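Note that the chains are named A, B and C in the order they appear, and that numbering of residues resets to 1 at the start of each chain.
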Amino acid sequence: MEVRTADILAPWNHLSQENVVVGFVDTLLRGTGQVMFQNNPITGLLFLIGIFYNSYQFGIAAVIGLLASTIAAMLLGADRNLIRAGLFGYNGVLTGVGLAFFLQLQWSAALIVYIIIGGVFSTVVFMALANFFSTWDMPALTAPFVLTTWLLLFAALLSAHLPTGSLINPALPKPNAAIQTLLRPLPIVPLGAGVTVGNLLQGFFRGIAEVFFQNNLVTGIIFLIAILVNSRISALFAALGSIVGMITALLLLGADGNAVYNGLYGFNAVLRGIAVGGVFYVINWKSGIYAVLCMIVGTVVFASLATLLSPLGMPALTAPFVLATWLFLLSKAAFHVLQPVPLAEVASPEQILRAQHEKERAVAGPELAT
Amino acid sequence: MEVRTADILAPWNHLSQENVVVGFVDTLLRGTGQVMFQNNPITGLLFLIGIFYNSYQFGIAAVIGLLASTIAAMLLGADRNLIRAGLFGYNGVLTGVGLAFFLQLQWSAALIVYIIIGGVFSTVVFMALANFFSTWDMPALTAPFVLTTWLLLFAALLSAHLPTGSLINPALPKPNAAIQTLLRPLPIVPLGAGVTVGNLLQGFFRGIAEVFFQNNLVTGIIFLIAILVNSRISALFAALGSIVGMITALLLLGADGNAVYNGLYGFNAVLRGIAVGGVFYVINWKSGIYAVLCMIVGTVVFASLATLLSPLGMPALTAPFVLATWLFLLSKAAFHVLQPVPLAEVASPEQILRAQHEKERAVAGPELAT
Amino acid sequence: MEVRTADILAPWNHLSQENVVVGFVDTLLRGTGQVMFQNNPITGLLFLIGIFYNSYQFGIAAVIGLLASTIAAMLLGADRNLIRAGLFGYNGVLTGVGLAFFLQLQWSAALIVYIIIGGVFSTVVFMALANFFSTWDMPALTAPFVLTTWLLLFAALLSAHLPTGSLINPALPKPNAAIQTLLRPLPIVPLGAGVTVGNLLQGFFRGIAEVFFQNNLVTGIIFLIAILVNSRISALFAALGSIVGMITALLLLGADGNAVYNGLYGFNAVLRGIAVGGVFYVINWKSGIYAVLCMIVGTVVFASLATLLSPLGMPALTAPFVLATWLFLLSKAAFHVLQPVPLAEVASPEQILRAQHEKERAVAGPELAT
């Protein structure tokens, strides 16, 4: 599968080196793919298709954010290799779609300018955090998106030009207030509720789709295929993340069944799964279990941040992913059963595994020769 | 006194090197002692006795958390010396007792799993923060406990399986709302209220007991003896912390007299006293005054964080200790009247003093010889 | 102009080297000037005159905080050069005036002790943050003031001795609640409202005066002159900041017109302008545009932090300046169109420019000679 993808991409990669416009499109697509750590233009294209399938308006917002952050990086003279790998795109595309979603697609000049400012700012924040975390060889993850989108959404509450909608509803948390744990598509209707295969599949795929705030079954299927195009290991851990997030929410917490159905306990675990399971640690049984541990803890962190933000009525975005993953990565040097991947060597899990095997062979080689 | 303690411990230490089970018990006891920076199994044992004296249920929760964090560190292959010094125990034991306290001992499978997850997570957070702060040779203090317990408690509000109790009551802060500053055992009853010797002694010892969330006079007395077994200097600054916390709350702030009686303004100052007074700075008159300054400021920080967390109804835990102490330690390089102790050389205040004197003698020696 | 200022200052500088008292007064004045990055005693004197002009009580609070932070640094043995440059004064003077303002000048022994503790604490926090950020050669900016004042103000809510006033009013944010965007002097009165030259000038100068929490037109004029005495470039960017803050608030956000009139959207942008425009980057067209970008984004951040703090009823202080500027400075290494100024070489924008030209001449010189 991988080999075939590489074959398909070979002429495109050649063209993107030669032609400036193709190169720019390639940069944009890789930027979209990097939201789930997939440096692959086909993955990015499929992500965009998945978003446009759910709503062309979200698609447009995503592209505006993507363009703003990428062009800002070019104008500011950022490192060309980082730009080409899409590292100045993934926060912009998320900021675009995130602002459009929580400002409820009420298009106006202010919203468009706002998305552009968000995209540009996400590029500044990315470089700031990349510099900050370089001290520990740690990735910024989607923290630039989270910080940028939070700052812009909080500000919208004091704005006459950027009406927030029914999604933003500041209220004090009510501890354990009559939580309906039944897995169900709608908050009140009991029809079709329960742990049925259908409901679990809905929760599973929506959990993947919600990484881009797309509450749509088909979009989730497209996203999973998009990851699979680039890496089977990432696809496996994305799926595992959505499942573990759901199980933790249902069994341990007894969380709201409507939130679980709509994938809200899943999308952060999907990202934690991909990141810890193969991208930032060499994948093996031990790091696999560590990734599952990160998924479980991080699912609790999702509920935690949702509570923390309730007085502002604000969404947790991918902060539960960022926070839990940072903690599980920062501890890397100390736990001898894990093999961290230096940031400069991050690639697809399969490539990392192959490089690791070659290193081991290189070490073992001379011994065999003697 | 110290010499005697060392004599008593000699055969135990020998046994704990030889026998794996004794070594493991020793690790657990040192982990408990490290909550107040005392790397001594007798201190840890007395701490546990103090907790069990107040409530065997808190004792059980403490031990579950302690086991979870310590065993997790072993399975993850953490540094053996750090494990043996109890550095993977102190956050776990606090997390166990903290979760049990604020989830009000409503035992269930979910609570037990929750405490285990908390203990394991505290070990990951400890290594993450230790790595982060190694850049400045700074200790993680009890930040792993605070972060872990906050994240788990916030999440419990959205859970049907983990009922929070009357202690967690989200409300907007009411500025200067009819505060009853009279020192008293109960919020309303005026009987026995006032700055009496009895009330001050209650506040003093409960301030020490509250380090482990134990609101009990006798437990406070046991804890003070436990510290004294390992270090007279630490015991002195623990006592000073409880006193300064009380005085600052009563005189400067005019704080709620019931909170002061129950030691709530004391326990963070106890920890600040021990940490700044002899453990992370070589103790002398100047660092002693610096420690008192840290106690005063930190007591204000306690009221501050209590206000900050009131919209969530959440407790400040030992965050006022962590925040104030970090600031008073991070400034170490710049203030020439203070002698910071490198992290690798941290021991009991008495051992640090002795090492310091030997260094000075070594420097002075050759000069005298000439 | 600069040369003349230097001429006027020459005898004073000489005297301040010789005479301890004059040297101490010079330190205090430079500390006040450093609030806007102006290491110049005349600037500092004019700032104090501006404050006393508005209210002698604020002036007294400012001086108490200034004395407390500076003397604390001396007693703790901080670096003499840093003290003499006023780096231990600017957070203290702001803490003094900030506490007096938000505790509404209700003088008592508790308030005076509180301001002194605030000043001393701001010195500890300054050294702590300076040490923390030295890893990235980054400045602490006014973060020590913000952190100290927040911690002390939050605590006042639980105090019977430190009544907060009508300015501190905890409430949940009400999204887009009937915002009156009309530029006007008072919240309700429609008289004189609108985008008139008078109202714009009021907002412009009050935006500069609010850096010290002085809502006064004349004080703003005095402050602008004070900056001009030391640096024309800083004065230009201060003015630009106040203008851009106002425009962003009015056009992009549609913010509350009474807040804009009183300079609340301006003062953080004034500081961002001075910092990014010439002090921490060598000024040229590109860094100038970068500074304007920082002003725009930071104005959004002001509204954002105001929302974030509304459940506590707390002010954003200069946190929007600190947060936005840190992000725009931390990204320095990565954007090749910008020339960051190393912290050790920070001076007035004019001196930085001159040093830069000399460096370029030194590099170009030998080539021309050949």
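Rule of thumb we're sticking to: contacts are C-beta pairs under 8 Å (C-beta built on N, C-alpha and C of every residue); 3 or more make two chains touch, one makes a residue touch a chain.
Keep in mind it's a predicted model, so treat the numbers as computed, not measured.
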**Asked** Once subunit A is fitted to subunit C on CA atoms, what angle does the rotation have, in steps of 5 degrees?
**Response** 120
**Asked** Could the interface between the copies subunit A and subunit B be described as same, meaning over half of its residue numbers are common to both, or is it different?
**Response** different
**Asked** At what distance in angstrom does the C-alpha mean of subunit B lie from that of subunit A?
**Response** 37
**Prompt:** Of all the residues in subunit A, which ones touch at least 2 other chains?
**Reply:** 135, 172, 311
**Prompt:** In their shared complex, at which residues does subunit A touch subunit B?
**Reply:** 135-136, 172-176, 179, 181, 252-256, 290, 293, 296-297, 300-308, 311, 326-338
**subunit A contact footprint on subunit B (complex, rising order)** = 75-79, 110, 113-114, 117, 120-121, 124-132, 135, 150-164, 168-172, 311-313
